[in-house]
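The next part holds the structures, each set out as structure tokens.
Shared between the two complexes below is chain A, which has chain B as its partner in the first and chain C in the second.
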Partner chain A sequence: MNTDLNIVGKRVVRSDSLAKVTGEARYTADLRLPNMLVGKVLRSPYPHARIVRIDLTRALKVPGVKAAVSGFDAYGIKWGVFRYTQDHAMLPTDKVRYIGEDVAAVAAIDEETALEALSHIKVDYETLPAVFDPIESMKDGAPQIHDEHKNNINIHVHIDVGEVDKAMREAFIVREDTFKAAGEAYAMMEPYAVVASYKNGFLDLWMPNAGPHVRAKALSNLLKMPLNKVRVRHINSGGAFGGRSEVAPADLVASLLSIKAGRPVKLVLSREENATSSRQIHDIIATIKTGMKKDGTIVAKDYKVIYNGGAYSSTGPIATSIPFYVYEECYRFPNVRYNGYRVFTNKGIRGMYGCHGRAFLAGNEAQMDLMARELGIDPAEIRLKNGLTPGEVTATKSKITSCGLKETIETASERTDFKKQWAKRSRNKGIGMGCVAIMCGFPMGFRSGSSCYVKINDDGQVTIVTGLVDNGQGNESMVIQVASEVLGIPMGDINLVCADTEVTNLDPGSYSQAAAFVGANAVKVACENARKRIVAIAAEKLGVAETDIGLKDRMAYVVKEPDKKMPISWVVREAFFRGDPIVATGSFFPNIDFEREWVSRPWGQMAGTFSFGTSVAEVTIDPETGKVTIPRFTAAHDCGCPINPMAVEGQMEGSILQAGVATITEGNLWDKGHLLNPDLLEYKVPLACDMPEMDTIIVSSRDPAGPFGAKEGGLTVRMNAYSAVACAVANATGALFEELPLTPDRVLKIMETKKGVKK
Partner chain B sequence: MKTVKVTIQVNNEENVLQVKPYETLLETLRERLALTGAKESCGMGACGACTVLVNGIPLRSCLVLTAEVDGADITTIEGLMKDGKLHPLQEAFMEKGAVQCGFCTSGMIMTAKALLDRNKRPTKKEIVRTISSNICRCTGYKKIIEAVEEAGKK
Partner chain C sequence: MILPQFEYHKVQSVAGAIALYRKYKGKARYCAGGTDLIPLLKQRLSAPAAVIDLKGIDELKTITRRKGVLIIGANVTLFDLKNDPIVREHFPALFQSLDATSCETLQMRGTIGGNILQDTRCIQYNKSLEWRTSRGFCFKMGGKACNVVLNAQACFSNYCSDNAPALITLSAKVRLKGLKGERTVDLEKIFSGNGKAPFTVEPGEVLTAILIPLKKTEGVYEKLRVRDSMDYPLVDAAVSMAGGKARVCIGGIGPAPRLYVIKNMDENTIRDTADKAYADAKPVANTTISAAYRKKMVSTLVKRAIKRVLKEGGR
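Here is the complex of A and B:
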């Protein structure tokens, strides 16, 4: 740790926490605007049906109803993250494609009236055959969900590096396995909500979102409004985890209702609607073939991965790719072929998730352990042997700069006495390790970079303005901390204006793990530019060279004679006198190959840098019931530099819950197109009593391009914790899992298969 | 529609209200009294985000009808500060980094307050058992447990 730093690297109290512990922090559903109406949505009861007619007339006659809309009131525009994925009208006019899809909506003076009005909307459907299983969906003759996608294949990502078949033939051992996993629920505590207020040609919007700028752009397209007339405002977000990244049907619905009614509209989804109709998480079937040399070197990988994408494209090309990339960014694959298929089905729309890809990642890691054991190599050793090191290039041509993978494997191993525990496994006890690397940012066109404006006010206080977003992980506090470090002004003196499309500049958002590496970097550059101006005036006033000036505790001082000093506020006032106030801008644009494209050109520099991590899970299995418990979990994460170690630990601990403990508990359950566990009673989010003892280890690799060396804070755990648990269960049972979550019945089956006992 | 007259003390203030017979306490607090610290997350008593104290007992306000609690003394998160000073639980949640997205925080603090009110120095086990009534999706609970332990010492 750089000891010259005053506040970066310290366990500081997050700037947003005071409002949150007093109940004063406002979330979307808390907003109350004058004359505000309540919006409610009528949803499709069918998984697949042609819309013949939507009649709103009787609903509009209900006293107290101020507006009613269907897709016929929209502009016939379909949204897609990419030009080639524009398939989502948000309010369909042709057909419905999943149970829970938005069909029509009303705005009324209160909830009762709105609900009554919904019952008066008449929709005539012609039901169509539906398909729910991606394998069935890909077959000839399956119901066609979108006309333009033959066999319902939404996205095919094809990567082929080296000579996979030849390498497989020459490998010492080859193994092929198929792993499945049910999609999890985001289960963010805040159900989705939107407030839309249309006035004087301007549309103001509040909703939990991970990127206001991309959201405003989507809505300006969908509503045929100029971008500057659509203003997405800052509001607290009650958790996102990848599920608030994209424009949502509710955004369009609330906007249309507000435009029609001429009054603000609040639309709050119920917990069930949040589960069925906001975003869901892909179910995955991953077939993994691996070839190894006798010494454990991976010589080839051959993948076929099928993602059940639900009814629309969403972030399809990205979702179809990410599990592969976070794995190839971690290990050396001289020959690799990846065929990822995202397939349409008549289920809810699947998006990105912080823990996305558990069948693929846990499958890879568990299979590697089994092969290594056959070769007499332990899991730590095989990971060290195949893990990437600084300066190496991934299979798809991303250069790795800072890389603490080795340190994370070694420290996590030491802390858990891994090798010894792994060797002395018993049928009821196991230990397992999972590794992964995470791109900090990825190609998002001109939205890949971030900019910040900073102004120093006449009292020496600071306002920083940035597009950066906080969904609860502490990004707001992080950039205030960075600004405080650079300017020598306490965090409490720094105001932040962020995530408001009218005043802030483009930023990748709380998406693609770019907040620290990209967003905080831009804040740092802006503050450094302001600092230069402060230092120039202070040096002149104190009669020393600029290089002799330090800034700390609101003072500019001479480094060698700390008693020689002046308040920064004096410097600022002097600047005002000179008609040249201290304002500055700063930008950061990561080193990314922008020729890179998810489908058409899947190679080139993916991100400016990568984080690395190793998780170790210790499990016990009840041999009678197959119930897995996780008494202890250790996670080591190379975040480059922890700007606030307490916040990084918090991210790691949350990831142990959401990815690690989830491995034994979480998964959506379906009966055809019906989601059976859309609420928090049936969907088991781990509780305090379900949590293991957690040991979090922060590894600092000091990234050369990161702000104070920082990369991202904790996502590796979110994408390797399930691997650690699955590997630990495999360590105990001696056999691979077939499907996640590892519910007691599945674990019993694994144990019985291994014993050769048939039911 | 017929309404019901209730008198409730909320954060030491008396409120005489005409409420709908099916109105939940959560709705009354949020919509009538503009006390939005208690959150609706699951709406069915599973998550505890709407927890408030009713006569000192932590209840899920989404499952309580306001008409049922006529005459009750209710404390919400907004009533925790005293003379401009934070409650030790509020301080500890900040200092220990127990707050992330914040949506569960009010309910978590109110649940913990009920515990500390009857047991000043709970063991870690007691804390875990108590807060297992509430869901937090962000933190993994470790820092929340530490915060409650810390507040107990204050």
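Here is the complex of A and C:
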């Protein structure tokens, strides 16, 4: 830890805590604008059907209804993250492709009226055969979901490095297993909500989002409106986890209704709609083949991974790639082949998830343990042996700069007495370890960087303006803390204006782990530029060299003679006098290879840096019921530098629950196209009482490019906690899992029929 | 999801409740804590003209002992009942079932009467109107088929009260007051076995009290669930024992709990009871966990519960 830091690295109370714990913080559903209407959506009852006709006339006659829209009121534009994935009209006019798809909508003076009006919308459908399983969907003759995609293959990511087949032939031990996992639900605390207000040619929008600028851009395209007329405003967000990254059908619906009605429209999804009709997570089938040398060195990996992509592309190419990358960023693979297929089915829309890829990642880790055991090597050793180290380059040519993987493995092992516990496993008790690395940011073209404006106000208080957005993880507080450190002004004196597309500039958003590494870096640079101005005036006034000036507690002082000082507010006023107020800008653009493309060129520098982490789960299994409990969980995370250790620990703890405990409880269940658990009773998010005893360990590898050395605040745990649990269950049972979640019925089955070890 | 329109009445007496019920010609529902009823209304699984709130009836809120019987008012909350010293000392199976019911927040709101009379559940049933319309109405919603079991002739929804099975092992009776007067019946007799309409309670009858013979028992409640903090039972087994005789009750599978009486406890009777309970259990795929597994767990839980009673007396 840098000892010369006053604020950064300290356990400060987050700037948003008070408003949140007192209920004062406003969320989208809390907004009340004058004349605001209530929006409601009519959804498809069919998984696949041609839309013959949509008749809104009777709905419009219901007293109190002010607008009704269908896709025929939109502009025929389809959305997609990439040019080659533009297939989502949001309000379709050709056919519906999943149950719960938005078909038409009304805006009325209250919810009852809106519901009544929905019942008067007449939609004629011609039902079509539907397909729900990706394997079925890829077969010849399966129902075609999008005309352009043969065999319903939406995306195929193909990576081939080295000579996989040859390496497999030469390997001492080879194993191939297939792992499945049910897709998860984001289950954010806040069901999706949008307020759209169209006035004087301007459209103002509030909604939970993980990137206001990309959201505004998508809507400007969909609505054929100039970008400056679409303004996404700041609002608190009740969780995202990847599920608020992309433009949502509700955004388009609320906007069209507001434009039609000339009044603000609020559209709040029910918990069930949030599950059926906002994004969910991919179900995955991962076939993993690994070749190892006698000493445990991994010589080759061969992957075939199938992602059930639901009805539209969404973040398709990214979702099809990320599980692979977070793994290859962690381990050394001299020869590796990855075939990732994202397949369309008539299920709800899917996006990226903070815990994305559990079948793949947990499968890799559990299989590695089993192979290592055969070779007489324990899990910690095999990970140390194959783990990347600073300066190495990944299989797809990303250079690793700072890397605390080794420290995370070692500390997590020491704290849990891992080697000993692992060796003395019993049928009812196991311990397991999971590792992963996470890219901090990824290629998003000119949107990959962030910039910040700072102004120092006449009383010495500060306003910082940045495009950065907070989804609940504490990004706002983090950048205030950074600014406070640089400027020597208490956090309470700093106002933040963020996530408003009208006044802020581009920022990569909070879905690629770029908020600290990129967003906070830009804030730091801007504040350093302002600081230089303050220091220059203070040095002049105090009669010392600029290098002798320090800033702390609202004061500029002479470092060697701390009694010699003046308030920063005096400096600021002096600057005003000089007609040159203290304002500054700063920006940060990460070192990424922008030639890199997810499908066409999957190599080159992925991100400016990577975080690393190791989780260790200790499980007990009820041998009669197969029920798993997790009494203790240890996570070590290399976040570069904890700007606020308490916030990093909070992220780690949340991740232990959301990824770790979820390994035994969470998974979407389907009856063909019907989601069977679109509620929080049957979709089993672990609650506070389900928390294990947790030990969170922060490792600081001090990234050379990160702000104060910081990288990201805890995502590794979201992507290795399930591996730790799966490995612990494998340790206890001596067999691999076939499918996640590890519900008691499945665990009992594992115990009853151990999978044999293949050679 | 907003509630549908209905008239709301809060009554002060059982007679007042019954009179109102009569006035609405049966198109009314009683409400105690509302934790089961309100979600049903929101999902449009019930559309009464009126909701008659029983929470204001003081006589339903007391726990008294009379002539060797513990009389528990229907409106006593699960939480208060759990913390009653008599329950803890005399009826360990009930204490454990109360403690395993949902979470403490719900226990503070939910009543024992409402808990007993909660509707049966099914993963295809407890859904919004839109969801169910898309799926097609099943027997329990007035449709012509079961959406879980092809060609079924009946509804297999599950009765998920944690506490009724425990009460049944304690030989509890319920007192009902209705349009035709008052009656007291064995708790296990109020179940029709029909998932569509699981209770034999007459329209308009108010459950006023639960009566338990006041004698010390040893007992255990075993509940299987995926999420410990809050979950309905996937299958459960209650056992209460006194004087070498035991009553075992299985819940969570099908529309009615099933009672098994053991006259002489020994190794064989444990196995026989477990086998019989296993054979009788007909779970179907209407929860988050497979039916075959739930069936298997019937005998596992029965054996475990009885063994625990014998070993630790349920403490």
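Methods note: the second predicted complex is superposed on the first by the 754 of 759 C-alpha atoms of A that agree within 3 Å, B and C clash if a C-alpha of one lies under 4 Å from a C-alpha of the other, contacts with A are read in each partner's own complex, and residues count from 1 in each chain.
FYI, a residue touches a chain if its C-beta (ideal position, glycine included) is under 8 Å from a C-beta of that chain, and two chains touch if they have at least 3 such contacts.
Bear in mind the structure is a predicted one, so any value in this text is a computation, not a measurement.
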| item | value |
| --- | --- |
| First (chain B), second (chain C), both or neither touched by A:Leu687 | both |
| Partner chain(s) touched by A:Pro63 [first = chain B, second = chain C, both, neither] | neither |
| Which superposed partner A:Val21 touches (first chain B, second chain C, both, neither) | first |
| Which of chain B and chain C A:His674 touches, first, second, both or neither | second |
| Partner, of chain C and chain B, that touches more residues belonging to chain A | B |
| First (chain B), second (chain C), both or neither touched by A:Pro34 | neither |
| Contacts of A:Ser270 with chain B and chain C, given as first, second, both or neither | both |
| Chain B versus chain C as contact partner of A:Glu653, first or second or both or neither | first |
| Doubly contacted residues of chain A, that is, touched by chain B and again by chain C | 270-271, 679, 681, 687-690 |
| Chain B contact footprint on chain A (complex, rising order) | 11, 13-14, 16-27, 29-30, 32, 187-191, 236-239, 241, 268, 270-271, 471-474, 646-647, 649-650, 652-658, 679-681, 685, 687-691, 694 |
| In the complex with chain A, residue positions of chain C that touch it | 1-2, 5, 103, 123-124, 126-128, 130-131, 133-135, 147, 224, 226-232, 288-290, 292-293, 296-297, 300, 304 |
| Interfacial residue positions of chain B with respect to chain A in the complex | 30, 34-44, 46-47, 49, 76-78, 80-81, 86, 89-90, 93-97, 99-106, 109, 127-129, 131-132, 134-145 |
| Interface residues, chain A side, partner chain C - complex | 43, 45-46, 99, 111-112, 115, 270-272, 276, 624-625, 627, 629, 664-665, 669, 671, 674, 676-679, 681-682, 684, 686-690, 743-745, 748 |
